[in-house]
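What follows is a set of notes on a single structure, which appears directly below.
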């Protein structure tokens, strides 16, 4: 049976009402919640006694919407879930539909998809890095992170036609071929990234104040992480292997050389390091693929109207935040009977209370930042 | 363990369970009353060790509801799907939030979206919907909201 | 022993202090570098650089219907785009034209496009069998009245191009 | 060359010829008051634009560049905006204290300006306990912050104010001790004498390593005392939204804003006076030619140059470092800065007694 690790005993015993305790609302508009997350925090002085998330400020009921959209149409909505890894969300949906229809995807499309996924992952982690530094009070890194992220966005814009919500992946492949400039632009980006990545360490990682803020904060044990269903860098920071790309490989990930980054400390700094190193692994994947994009079709021949056979289909992918599951229940029609998106953010958020109980307000910000919450992903 | 081995092992644990074939993973149909003890066995049995509940949801089949639990083991990396049929008018099932903590939030979501009552849940309140939505279950198929829903 | 311990403590203490100062100085060196190297500045002065600002040709700004010099378009009014659209952004209003040989022929009267509903997903353009619509590279869509966002894509008096079925 | 003292003397002589002694004094006081207020206004404008430009360049941005030549009038436009904005008082706030707090913050900053020597023989009030006066008055500023935090009836504000109280009270200590190091070396509390004692070299050079340590401690402590990043816990944007001035708007907010910059200027001016020789020009030993050129630069330029160098340093800190946590902030003071400055003051005393300094 899972036993919760003992949190600071005084805090666990302190009653949530009574003298000396008070509640404050962090959010829905607050600089550190990066969106409309609303946390009701019970405090005793600066010590946090309890955190209760109130969700739904950006709930659009995507699952209900998808029930009335066809299998080609519903993919665009998923870009609006976790907008920072829009490609990967689209990819998950496309994969799930392909699994149901048993479509073979051309190898060129597979490589393009993986390339886009990894670029998205880098872009997402860049933004997270800047926002993380901003959460702990350093403003400058945010702009430096945007310099590299902007390059990726430009590449996306050129090939996919949009910067954030691309809707580039369709069942059967990708919507159109990569832009002729794509390879050159990506190589330029790789050079820029390699030239600048050491600055990340100089500015933030090595900084003594930053390390003190992050080390030993929000410690999660492997047991906690598994029980709360945390995935992605949050799980890997506690030494739980959870990279879907390695465990249940999809597309061509089983043929690629990359490492699953693991740290054992389980604190905020471990999660920080995981994301920085994951960027390097993504760079490794991009480097392997960028010169080896096979010739051929970018899209398999599919019927104009897609119909999934009756049944249930589940597809897991690794987004920048963790495991995204797409669960489609089909009745054989042109629209899904029921769709469930198992979003990484929702599970990761559930551990927040356990993680920061008994620490200071400053720690809440530092720990919450490393969960990398994207609110539309939580609310869906 | 492969799906076949899992099937043999689970039919030993819960003889009344029926199995569905054809999916990627082993689908087990159980009665809601058996769920709590079965869940504990799944979690604690050393050769099953399903310690990771990666998806918890509900499906409205218009005449009845189905709870769907996707379980995985971080040790053996095998997956199963457990399904329990609920009465649509009075859906009730035991909570598993003390076995898998992630179920706490997911069950709250299912509670407000489908109206499933999770017995012994520590904190069964609305999570996403604002106050005043108790009893209205947006993800049920017969839900109608003329104000907020736009029919295209 | 106690004395030795004190020495060790002092040594660690001083090491701590110097390590901290060094790490801070590294960061300051980096920001100092950018302070003095103005070539690294990446700001784009947006409204001023309209002339030099080139959006990639694939950029999805809004749906337009290209017309040639004879005011002819390629739309047959098949409503494929209307069916493909997830948001009901496009409404095709058809009418019946009389062809020169006296037959009735379906043609578009109006192709109404609601820019305020459009999510630029490109599905309509993919669905169009006769390449009648395409994405334009405009992006400054703000207007003072919402009604201005509802557009009719075919120009008044336009007709279908010869040979497009 | 022109100098402030000459201008002051000309005005003084003209006034003495025209009026009797009492009126002369009164008019001079009025002139001094107007000068201080206008200095503050100018300082606010200059420092805000400076901060915005410094931060922009460090963040690979252009910074404000639309209002006036190269955006130099941006802060004027900002001030205008703040002036015409509605100053709101939240419901349930203690109205009297709420409105009083920004003025106290401003008054403290103005009082601190009195003993500072801006140029050779140019000082508002050369009182003989200048250093003591500065430390005494600067500790009042915490009251305005506590007042603002308490009166706002906002938990964020209150938390910010409480943090600020703990912070300023602790950092007063090491700031005081590092100032004391120079007092020990000089043997005087009078700021003009401290400046004069540096005629043959600034204390940071003359005082060997202890003076440098004292200088570093001083800079860290005053950064904390003025609530600047990395010690901006009272504001802590990402934690407490804006800390003690969350509820302030319009001109009352502007006064807090201005007081922050005025405080930065003043502590930097004190730092320049104590460690970098105030208005004293930079001299090297017997290089007479070089020294003459240095002397030719007006003393006020020297003073403002040094002060702005220190201000730049503090801005540089702000735009590079992350913020500390409240317990780490206090750890830094009580476990590092205070012991170091205590040992340091012993060293300085020994040095002063043995006449080891130059």
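Letters A, B, C and D name the chains as they come in the text, with residue numbers starting at 1 for each one.
Note that in this section a contact is a pair of C-beta atoms (placed from the backbone, for glycine too) under 8 Å apart; a residue touches a chain by one contact, two chains touch by 3 or more.
Everything numeric in this text was worked out from a predicted model, so none of it was measured.
Undergrad: Which chain has its C-alpha centre farthest away from the C-alpha centre of subunit D?
TA: The most remote chain is B.
Undergrad: Of the chain pairs C-D and A-D, which one is connected by the greater count of C-beta contacts?
TA: Counting C-beta pairs in contact for C-D and A-D gives the edge to A-D.
Undergrad: Averaging only over C-alpha atoms, locate the centres of subunit C and subunit D and give their separation in whole Å.
TA: 49
Undergrad: Could you put a whole-Å number on the gap between the CA centroids of subunit B and subunit D?
TA: Result: the chain centres lie 63 Å from each other.
Undergrad: Would you mind pulling out the distance in Å between where the CA atoms of subunit A average out and where those of subunit D do?
TA: 45
Undergrad: Roughly how far is subunit B from subunit C, centre to centre by C-alpha average, rounded to an integer in Å?
TA: Computed value for the inter-centroid distance: 40 Å.
Undergrad: Which positions in subunit D are in touch with at least two other chains?
TA: Correct list: 58-61, 319-321.
Undergrad: What positions in subunit C touch 2 or more of the other chains?
TA: 24, 27, 30-31, 42
Undergrad: For subunit A, which residues are shared contacts with two or more other chains?
TA: 140, 147, 203-204, 207, 209
Undergrad: Using the touch rule from the top, collect the residues of subunit C that touch subunit A in their complex.
TA: 19-20, 23-24, 26-27, 29-31, 42, 55-56, 58-60, 84-86, 119-123, 126-127, 135
Undergrad: In their complex, what parts of subunit A are in touch with subunit C?
TA: Subunit A reaches subunit C through residues 69-70, 72-74, 76-77, 140, 147, 150, 157-162, 165, 167, 170, 175-176, 179, 199, 202-204, 206-209, 304.
Undergrad: Could you please specify the touching residues of subunit B with respect to subunit A in the complex?
TA: Residues of subunit B touching subunit A: 22-25, 27, 40, 43-44, 51-55, 57, 59-60, 68, 70, 74, 77, 81, 98-102, 104-106, 109, 127-130, 138-139, 152.
Undergrad: Show which residues of subunit D lie in contact with subunit C when the two form their complex.
TA: 54, 57-62, 65, 316-317, 319-321, 336, 340
Undergrad: Enumerate the contact residues on subunit C facing subunit D in the complex.
TA: 17, 24, 27-28, 30-32, 34-35, 38, 40-43, 45
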